[in-house]
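I'd like to ask you about the structure that follows.
Letters are used for the chains, namely A, B, C, D and E, taken in the order the chains are written, and counting of residues starts over at 1 for each.
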Amino acid sequence: MMNSLFLLLFILFGSAILSYIGHRISETLGNIIVVVGAFSASIWFFVGFETPAEFSYKIADFDALWSFSSYSWIFAALVSILSPLALLYSTSYMKGKERLGTFYFNFFLSILGMIGITMSQDFISLFIFWEIMTWSSYLIVIYLGKDVEKVGIKYMIFSAIGAYALLMGIVLINREVGSLLIEDAFAYFPQIQFSTQLLIGILLLIGFSIKSAMMPLHVWAPGAYSNSPMSYTAVFSGALSKMGIYGLGLVFIRLLSSGEFTLINEIFAWAGAITTLMATFYAIIQDDAKKLLAYSSIGQLGYIIVGVAIGTELSIMAAIYLAILHAAFKGNLFMAIGAVEKQTGSTDMTLVTGLIRKMPLTFFSTLVSIIALAAVPPLGGFVGKWMLYQSLLASEHFFLIIVIFTASTAAFLYSFKILYSLFLGQEEPEFKNIKEAPLPMLIPMILLSLFLIVTGTFPGILFEPIANGMKYLGFNDVNWNMSLLVNAWGDEVNLQHVSMYIGTIFIVAFIFISLKNRKRTRYVTTKDISTSGEIPLPHENLSFKLNFYKPFERAISPVMKKTMDSIYDEIGNGLNALFQFIRYIYSGNGQGYALYVIIFFVLLLLLKNQIFGL
Amino acid sequence: MIEKKDSLAIGEYIKNFARKHSLFVLAYGTGCGAIEIPPTMTSRYDAERFGIRGAATPRQADVLLITGYLATKTLKRVIRVYEQMQDPKYVIGFGSCTINGGMYWDSYNTINSLDKYIPVDVFINGCMPRPEAVISGFVKLQEYIQEGKADGWRKYQNNIEEYRENQKRIIKNWRMPDYNL
Amino acid sequence: MNWSLILGITITIITAFTVGMFYGGISRKVTARIQNRVGPPIWQNFLDVLKLYSKESAIHHGWMQHLGPLWAITASTATLMFVPILNNGQFYQNLNFSGDLIFLMYMMVFGQLGMALGAGQTGNPNSAIGVSRGLSQMVGYKVPWLLALVAIMVQYKATSITGLIELQNQIGWLMFASPFAFIAGLLAFIGMMHYSPFDIVFAPSELASGPPSEFGGKYLGLMMTSGSIFTFAKLVLFVDVFLGGASNILELLLKTFVIYMIPVIYGIVSPRYRTEQSIRYFWGWPTFFGVIGMLYAWYMIS
Amino acid sequence: MSEQIKEKETLEALTKTFEKVNGIVQRDKRVIVETDAEIIPGVLLYAKERLKFTHFSHMSCVDWIENNQFELVYILWSPEDKIQLIIKCVINREKPIIQNIDNIWRQANTYEREIREMFGVEFEGLIGAKEFILEDWDDIPPMRKDFDTKEYSSKHFFDRPGREDAKDVRTVITERSGEEIPDFAKKYSRD
Amino acid sequence: MREKTTTLYLGPQHPGITGNMMVKLQVAGDTIAKATTEVGYLHRGFEKLMERRNWLQSFTIVCRICVPEPDPNEENFSRAVEEIEGRIIPERAKWLRVLTLELGRIASYLLWYGGQNGSAGLYTVGQWSVGDRNYILDLFEELTGGRVYHMYIWPGGVRRDMPEGFRDKVLSTMDYLEKRLDDYDKLMFDNAIFQKRAQGVGIINKEKAIEWGVVGPPLRACGIASDVRKDDPYEIYDQLDFEIGLEHGSDVWARALVRRKEIRESIKIVRQVMDKIPEGEFYNKIPNPMKWKIPAGEAYVKTESARGEFGYYVVSDGTDKPRRVHVKGPAYVHGVTLLEDMLVGANLADVSFIMNSLGTCPPEIER
């Protein structure tokens, strides 16, 4: 009998293999397989499921259980929505690249990993899927072969640290609880010794928070995000990093729910807030759009971590809401930047300029995503931020608010920078022949943009599944409304009023300004600007791009002096020999990894009694 | 009952009234006459009483003050700046040099009659005109605006070829983009 | 359709525009008097705006520039809509029941982002530099402003402005009840008004006029309109939060005028800070007062 | 009148060091010397380093079209001794080339650029844009004596009305009003 | 290939520029990577025009060379002519010349107050000082008949004697000004923000200042006591008791302090002149100006203007017209090479501020 869960994984795995083979034969065939596979998996996930689907089996004497909880379903849904869009985008984005088969194989595998993680109700299969996800994503990070030494090694080392921490935690849980089922762990966890609880908690948290790029464990992320193909980064940053959040949510709310762990919660909340602030500052000073978005992702994940770590009803809701929205707007942004990269060949914000008239739809989707990202009403981002602040206010985390609010304000800086540098500013002759991105790239972007616009006015369409999911975490009857936000003190924001008002005034003013002197209003090129009466020479650059926020940089220089990255680099230099050795193992060859995985598991199985049966 | 024509006239009157009482002067000291602009704008003479204030860029400005002689090099910039201004726009020629070259009539580098190159609405004579004269020039301009006579910009649009020809006689390297006229 | 609401909104916008314009005129007059001049008539700003609208031609460098001023006016009137103009007033009720302080804080940035995008589209380096400075400075003054507001929200457990006004009817003005937060808020507010010494954004001596460099005619007119509305909205917000709101229009005018004159007078006698100096200034004393205010609030509730 | 000791010392030092230098003490604090164009950098360097004429006041060029010569003038000032030293040299007008001295005084660069533009004198290895003051100039350098500015002006610009015949303004006025030029005014007549 | 740094045109049409010139900035962030000045927008060919005019006609156009402070031009030209011709001028004329020169210096410094503060955004001081400058211009008007261009100092002396009651007017104006200067001090020099803006900005190295031929207040702000009035006294400066401003900071702030001191010293000089001025002739008659020939010769004369040493090199070939007049204004040194060098690495917000502290005046660069 074919279980629907199993079938889902089967479709994904089958698509992986088939797309690999298909791309060997011809690119078109491969692309068709990719799109069909991706959408059929997604459709199967949303339509074909009989709930509750369950699948249990044994791996080496351990009980394993696959099933979606209402909480993990949110994340699985997120993956299932974002990944087909990203794959559709990818067919066009990756056109003409080499080794496409490998790329799509790994892409599907990491989707499989993510789906697997969300459906694992036991720690061992969670770990296995976790590793599948990690390896496949690693292979994509190094796929383009850029900066493999710096980026790939960093990513692999941090992933390995995370995996080992996770594994240690799992091992300890098994030792103390005697079962690897997640539900069992939750049930028996309060009975074990406090110090062990703490140890397990911290180990699991480290394992998960590395994936969600929390400072100071974020070092791998900027490179990895910006180094992989943008179609994958959309999923990488949008969905894959949420797996960490998923885990953190489980650990914080279900495992460490007793009052003794408030300190850990506080520490993580602060770490999240600092992550947000610092990552925002880093994002501001980036000159490469991908890097900027990578840091911005870290920053946005920081908010989510804060929400999860605070652990109140509203904050969890905010966190999950933000996680979903982040997947949408960051996925969208990475896709848009990818479109720019595809069309112009660069994402260097000091080079690319004035694309707005060439790529209006890409600009539109970037603009919408940026407004959502910057949490400006009336788009969806605001709702999440608002709930987060309210939850912080209600739970009396005052200084935390200041930190993340500052970060959120500072986020305007990079938001503007990315819009201005790539799309606005001078239109230069070298970008004269740029065309709008092809349709397969546009469709996902437009869909995501529409999603963001709708959630601004009616966030309730997301609140419903979130409220469902939160039941699993122990929050019953979560109060939610279609478009009215109410905080703990009864103050409210009516988003429908906001959207309606803004829409009306905007239209009225638009009609006014467009009709006024319509005949004598005209477009002039960006070269015809008031340059103090002088006529600029062709080689002179009139776009202000370089060191865009230099004064701000100077103002924040005291905090930025010793960056985390440089500390790691220094350590890295010290441990060069070790790194060389690790490089020898992680040689960048797929078969090597397979070998490594197999050896690891063989060892695990051989020594299972020694390790697990302590 | 107000006729349509009358209402148009009233509209025109209000427009002109606003235009006349709000003159943004482009901050461009083209010649030595610029030295009398600070006194005109500051405490003793205070041109802001008449709604005259400085504007930083041509896009925002209404009045272009040509403060004295124009070197050929400046003429090019003046034309560019003038064409970047939005209609209606006015030009005040300031000092004798704008009228006929003044004491630099035989110089190889200064033009002699400004209104051959851009339309001038009001000339203020003198070398240099005192702030009182400048203000009276502005008042004259305000009168013309109210009467609808300050239409140099329209003249420029209509006779653009003629002006261009004159301009190109002096500016040898004509490397200017086409502006909105 | 709620026609009375639409009428109310229209009246509010017109009031805000008129008051903002007159305040601008008064500030020009006051500046002139201090500078030993007569100064323009106080309705000069109306003439300026009218003239700008009556300009016959306009240029734009693309649709984002076309939308920029629109965006600004949308945001400024929206801010106005969600700020209670009068306490318990039947007239200026608008939509202020459906927003709160946090919402307003974000709403206020909305217009700036739009303006910044409009200015960015022009391709004028002056505009871009102005925007870069403006946004940087914004992060500067947002910190004390935030501290002040959060201190108040925390202390009185209310994020809605209506709630704060009601509260102030009972306990007196927050200006006295939370003095430190008030100081921080006021200092940040001075920065928010973009008068000297915090006018580096528009610094004519190096940036021509900064972001609006390329805006002329109707666009500049719309920007000036939006600016005066926004000024009024900010003033009312400040009065509502710290000065107990106003129960009639005269009281409102009086209070807002007093608050408005502080940055104006301060601006007349100060040169401008450089961007980083201004950011550091805001992260100095104002933030210090904000933190004190916060601790005070904390002390008061625990 | 002072003894002019330092002035004489300066002159002596210059004339003794360089064969081709000769000059006079004009008056208090004024020394003027002439030299050859080839050794100009040497003389200037000597004056600067040894005689402490550290301040480069001015540099000029005079067109002696009758002799077919350009005269280059370097004016130095000694802040210590408070003496002004004028060093002059002549170069051929047909082939006006001289060594550039902006490595001795950086600001001489400005003067040289101006002289290059206004007289067409070439300075060897002079950096800086060719155009300094004028723009798109296509006539002979304007400060040369054989350049007629009035002719250029009437050719390129619209002539100033009333000046076509270059008449004395007073004549024009009196003609118009029908009066006689008064006797006291005739004394100052141009003709 | 497009440059990476942004090109920013500061001028010619720009509110931040002094006069009509252009500084093209290459900006990286708000730091200036390269600055290029371009002049010539005000070139009238004065020197060529003078060669076409006879000696007295030339005298009427020299004052147009530097607009903010025309008197040093007249002084220089007259003195050059007198030196070549060997003409001696009456004692009273010398005092009157010093009077106009010092009044002109005060007027020029008052204008500088406006520029320096305007570029820092403190418009009030500028409004006051430029308004108060009108009182000096009134004095000029009464003395010379001209508000901006005086044409007062001419070869042989000065054109007119002091009118009646002029002395009291000068003295009362000086009293008024002194009071006003205290007001400016309160708003400008005691202003913490102004100090923050000015201190440590636009530093000229002392050695470089000598090497590059910096003159006037910028040089004195480097701690070098150099003033033509003291070093090479002309007219009757050696009979007057005055000090020159001397500071050691070499930055904008030091230059401002130097000027603050000097404007007060100028008031002192004006008072002294009013006290000590001798009676007598004010003008030695020159021959028929239409036929006035000056013997062949040459002279380089210099005057301390408000911005520094103002030099004229005049060559006569024995005819009724000058052979060559070459003007060296202080801005000639400051406005091109020095400015280009100083702006590199400076903050964008300080460009206009630094320019104003140097007192760049384009018309004397290109003439």
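Here, a residue touches a chain if its C-beta (ideal position, glycine included) is under 8 Å from a C-beta of that chain, and two chains touch if they have at least 3 such contacts.
All values derive from a computational prediction rather than experimental measurement.
The minimum number of touch steps linking chain A to chain C comes to 1.
Relative to the whole-protein C-alpha centroid, the nearest chain centroid is that of C. Simply put, of A-E and B-D, more C-beta pairs touch at A-E.
Taking the mean Cα position of each chain as its centre, A sits at the greatest distance from chain E. In this assembly, the C-alpha centroid of chain C lies 44 Å from the C-alpha centroid of chain E. In whole angstrom, the spacing between the mean C-alpha positions of chain A and chain B is 58.
Chain D and chain E have centres, each the mean of its CA atoms, that are 22 Å apart. Averaging Cα coordinates per chain places chain A and chain D 73 Å apart.
Looking at chain E, residues 6-7, 10, 12-15, 27, 30, 40, 43, 45, 48-49, 52, 127-128, 131 sit in touch with two or more other chains.
Residues of chain A found to touch two or more other chains are 520, 522, 524-525, 527-528, 530-534, 542-544, 548-549, 551.
Each of the following residues of chain B touches two or more other chains: 27-28, 42-43, 56-59, 73, 76-77, 81, 87, 106-110, 180. The complete set of chain-chain contacts reads A-B, A-C, A-E, B-C, B-D, B-E, C-E, D-E.
Contact residues on chain B toward chain A in their complex (touch as defined above): 28, 57-59, 76-78, 80-81, 84, 87, 175-177, 179-180. Of all residues in chain A, only 350, 428, 430, 530-534, 536, 539-551, 553 touch chain E in the complex they form.
For chain C in complex with chain A, the residues that touch the partner chain are 53, 55-64, 66-67, 69-71, 73-74, 77-78, 81-82, 95, 97-100, 102-103, 105-107, 109-110, 112-113, 116-117, 120-125, 128-129, 131-133, 135-136, 138-140, 142-143, 146-147, 150-151, 153-154, 157-160, 163, 208, 213-214, 217-219, 222, 274-276, 279-280, 283, 294, 297-298. For chain B in complex with chain C, the touching residues are 14-15, 17-19, 21-22, 24, 27, 42-43, 46, 48-51, 53, 55-57, 59-62, 85-88, 180.
If you check the complex, the residues on chain D that touch chain B are 134-136, 138-139, 142, 147, 149-150, 152-154, 156-163.
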